[in-house]
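So, here come the structures, one by one.
The two complexes that follow have chain A in common; it is paired with chain B in the first and with chain C in the second.
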Partner chain A sequence: MTESDDSFADLKAQQPVLPRPFLGRLLYPLMENRRTLAGVLSWIGLGIVVAFIVIAVLAPILAPYPVQGPSAIVAPKLQPPSLTHLMGTDESGQDVFSRVLWGAQTSLEVMAIGVVLALAIGFPVGLYSGYSGGAVDRIILLVMDSIYAFPGLLLALLVAVMLGKGVFNIGIAITVIYIPLYYRVTRNQTLSIREEPYVEAARGLGARPWTIMWSYIAYNVLVTIPVIFALSAADAILTAAGLSFLGLGIQWPTPDWGLDLSIANTFGDIGNGIWWTSFFPGLMIILLTVGLSFLGEGLNDIVNPLLRKERA
Partner chain B sequence: MPRRSSLFAYGVTRLVMAFPMLLILLTVVFAVLRIIPGDPIYALYGGRAPPSVVMAQRHKLGLDQPLYLQFANYIAQVFTGNFGTSLGPIFGGQNVLDVIMQRLPATIELAIGSMLVATIIGMSVGILSGINRDRIVDVVGRLYGTIIFVIPIFWLGLMLQFVFAVDLKWFPVNSRFDVSIPPPVPITGLYTIDSLLQGRLDAFAVAVRHLFLPCLTLGLVLSGFFTKTVRANLLRTVGADYVEAARARGIRRRAIVMRYAFKNALIPVITVLGLEFAILFAGAVLTETTFNWNGMGLLLVNSIEVQDYPLIQGTIIVYSFIIVIISLMVDFLNGLIDPRVRY
Partner chain C sequence: MLRTEDLSVHYATSRGYIHALDNISLDVASGETVGIVGETGCGKSTLGKAILSILPPRTRVTGHLLFRGTDLNALDREALRRLQGEEIALIFQDPVTRLNPLMTIQEHFLETIRAHQKVSKREALERTTAALTSMRVPESRIRNYPHEFSGGMRQRIMIALALVLTPSLLVADEPTTSLDVIVEAQILEILQDLKRNYRMSLLLITHNLGIVAEVCDRVAVLYAGKVVELGSVTDIFARPVHPYTRLLLQSIIHLDTKELRSIDGQPPDLLFPPSGCRFHPRCPYAKPVCQEKVPPLEEFRPGQSAACLFGKDFV
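Moving on, here comes the complex of A and B:
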């Protein structure tokens, strides 16, 4: 009796620490590493991203002038930056500063639709493909790799042409680029976790594949996703802006950074020495994408110990 | 097995494996263009054209046939090089492939120039970063790599135009050539090479001046990727045993970096070159639009504007071919340089 109890205690001592809740698994390393370079970078990145979310939410209050409707034309066109119009006015006489603030909403919406949908499709497919292996896995892998090799912007452009303009359609168009990315990361993680003893144990006890995939593997794959999430979000914002710049994304008068740059380019503003209509929208794109990249790369250095050793 | 024959075998395997990739890409393009909502004619006209016009266009393009027949026709067209004729106002009636081939050299010229800029700047910053690990040079180099990579190409292009073309007037604002003098007679289609072949140094200078800003723009953005890869791989090789051994023998640090570590650090860089080219061609579309550069990318954007469906499809197909050929070449180069890859 006592003997078996003791061996049971031994087994218990060997058990790994129970995983912390999801947000905890993310924030704990961030807190712990706040004094390292990677930690500082992540915190700066997180700060920038949160600031942009605040700007997007508070745009109706923060923006000094309206941006849609007939009352949006508030001044003579193409005024240089001044105290009344901090970033000047554009071709239609709208306040660039107000449009730039509102543009944060558009950008974040498109980006969120794009990456969340890509995750929602790429993750389950990757999980299934990695867990089941065999011919199915190889075929899905080949298809995904082929799509991944194709220039993302061109693919999104093609989908955007077919779907038409607008926030939701552009979100879907950029999803196509990131599905292979989420698929690959998920599949590779699943491949290695599949061989863990606890998964084997579950299989030995007769758990069905569905249960193993979703109850035992999914969670441990999901914790590696935030890095990819941040980096693909940065890329998604760039791609969406690129589509708008090519005239395929957001439609005027919706305020959007890429669209504002496109209008400035079409009217040849730069050639006429008018820099403020393109400089400020572009600056916002850069700030937001730099924030997301800092967050993604910082997290990567913290979370991924192998890379940390190499990069340090 | 002698070295050459195994390299040959490797090349053949790659070639065979490239075929399914091309087929998948072509199928994806087909799926996007024909299966998403309704059909391309509807998407392009957006319900503005009368039904009779739409029906006539659909019939002309064979879009009223069943999907499997359309797909068979499409694949047959692609592999016989017959992409149909343009429907747009500019190239109406011309062979699609001919139109694309006229524009291809401009894109190639831009791509080569940008790759040159990206390699020189990216490798220099990457090496400087790698050998000064964790010092201030390294921190600046890493920041450069991260920030330059997320700068929108069109924004950088417009800003460079403002500073160097509008304000300082060192370079022309946009386009491929001056209006005032005739461009060189096309032989290769690359203005720089053609003007040199014809001994026209004035035309060569003009071509280079026009190339400079677009190539700098695209090259700078691409260099971020190089910087990161070169730095990471240099760090890995600098810690390797053979480098330690070289140091123990008293070889100077610079010689070690250049002769031992750098060469091996290059191998993974070549592996990511394929991905780099994918970014390059996407970036070229934006660069061409910013600089009004008459290449394939601008052709694609313009044909979307005028709803020229055969030209849109043709351009995308040519892009697919280019991507597959480049990924083949990168694989082959990899096998040539690193014997381990071949087995």
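Moving on, here comes the complex of A and C:
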């Protein structure tokens, strides 16, 4: 082997190894930017979110005590954190640590139902509205804008009152708030991508309107969705917790952070020096929200380089 | 093959209608190549888009656009869609932006073929590779994305895409503008081959008179949305009648003379086109009557007509 071969090998070694297959393609922007602030932020956010998903999935195994049914009352009430009850016990004598773990499941369920449904409705409607234009577009826009004009929590309250309590109903209440958000983002992107030369070229080659809408426009709009998805998910967690706190969300004994906060507040725990019943559920809400926000903001900075420059 | 009768296109803008094309009457015979030349903004690309019926919404189109005797303007959407791509295809001037960045080359072809014909995926793939190979795009790159190709390759891919369904009329809108001269020569050669092999009609839109002289049978000179002169390539280049055509020809660099003339002034604002002959504000031979009377397209020699009131003096 000659010397020049060696230096070439050196050069090769310096080249970053790019991820290849499907998952790699999804994570590619994150890999590429892992040394920038936005990249670090996204990775932290992603880590937190994944951790919460793991907690939610493994809650039945991880939780040391049951949280529902008669056997859920496991100890004298309102005990401070100890080795047997890591986060203490609450007013009914339930283990707070177990409730917090199970609460992750409830929160993520509500968030997933709410945000996924909002995306599933807002995205196609926005696509259709933006692509077809004209009177149909105007009417849909008007309806969506009037929903958007309502304060989010107020609207969710209204829907929650109408539908009643329960995980799925709260999910629906959240859906209603976020449909206009996804609709607007999708519609605006559609409007600009509709004018791209390759869309005109596809029309010239006789592509069906359906194909143009889905293969040419939807794909290119979809790029912007993860950012909105993460940010609205963070917001959805807060809204769900807010609804539960106001007593219109999840019903006891279903473990839920917002609900636990609300109960602790009703009994005036903080004033009595009992901090653990509200601190830990509250901390979870903050952590998950921050994780999702980091992920969303980080992705936003990566996806949108112009914005990144403006902020720098 | 293709005939336009009094075709007019008006773009709606907030300031009013732009008269992009005004009473264009042209025909393209089977196997014939017709060049459309003119300055920027004279309506060349609009003509191409009008033929493909891909003008923006709220554009007013009047007159007739006959393809094999059927009026495209009267067809319903689905019937029109079937013609687009299969019978009439368009090559654009900017290949770089004409392919969907998120679709592989193969997906572009499969989709185009299957939008028109019910064929198996295998057959569609075979046709794709055949079309690409004929454009000298290696088969191994069929799964690549558009950004992985050079400009010249992308244009060849666009041409392959336009030709994969063997259309009988190809509209090429400045197919070589964004390419360097070597690639340009290759593309022109490909177009010539196609003409010979498939007896395809070609409408070549360009502002490059050299290309026209090389490739076309007949030429239509467009000025401000109107045909000012129409004739065979030899007539137009050797014995132009309309003053605009003469000036246009004088504005090309010749190898033997170093003289280069330009046409004074700017193409007119098509929101408010000039009265009478649209060329009169820039015409060195203009007389007062040119401001009032719209010159009709008159035949001055067999097969050569021009829209000039004083055409006789220039013959």
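Everything that follows uses one rule, which is that the second predicted complex is superposed on the first by the 286 of 312 C-alpha atoms of A that agree within 3 Å, B and C clash if a C-alpha of one lies under 4 Å from a C-alpha of the other, contacts with A are read in each partner's own complex, and residues count from 1 in each chain.
Heads up, the rule we're going with is that contacts are C-beta pairs under 8 Å (C-beta built on N, C-alpha and C of every residue); 3 or more make two chains touch, one makes a residue touch a chain.
Just so you know, these numbers come straight off a predicted model, no measurement behind them.
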{"item": "Clash or fit, chain B versus chain C on superposed chain A", "value": "fit"}
{"item": "Which superposed partner A:Glu196 touches (first chain B, second chain C, both, neither)", "value": "second"}
{"item": "First (chain B), second (chain C), both or neither touched by A:Tyr219", "value": "second"}
{"item": "Which superposed partner A:Ser92 touches (first chain B, second chain C, both, neither)", "value": "neither"}
{"item": "Which of chain B and chain C A:Thr211 touches, first, second, both or neither", "value": "second"}
{"item": "First, second, both or neither for A:Ser132, with chain B first and chain C second", "value": "neither"}
{"item": "Contacts of A:Thr36 with chain B and chain C, given as first, second, both or neither", "value": "neither"}
{"item": "Partner chain in contact with A:Ile270 - chain B first, chain C second, else both or neither", "value": "first"}
{"item": "Larger contact residue set on chain A - chain B or chain C", "value": "B"}
{"item": "Minimum C-alpha spacing, chains overlaid - chain B and chain C, in Å", "value": "15"}
{"item": "Contact set on chain A toward chain C in their complex", "value": "133, 196-198, 200-208, 211, 215-216, 219-220"}
{"item": "Residues on chain A engaged by chain B in the complex (per definition of touch)", "value": "37, 142-143, 145-147, 149-155, 157-159, 161-164, 234, 238, 241-242, 245-248, 258, 261, 264-265, 270-271, 273, 275, 278-279, 281-282, 285-286, 289-290, 293-294, 297, 310-312"}
{"item": "Interface residues, chain C side, partner chain A - complex", "value": "52, 54, 57, 81-86, 89-90, 92, 94, 97-103, 107, 111-112, 115-116, 158, 161-162"}
{"item": "Interface residues, chain B side, partner chain A - complex", "value": "20-21, 24-25, 28-29, 32-33, 36-37, 40, 43-44, 46, 134, 139, 146-147, 149-155, 158-159, 161-162, 165-167, 173, 232, 235-236, 274-275, 278-279, 281-283, 285-286, 289-290, 300-301, 304-305, 312, 316, 319-320, 323-324, 327"}
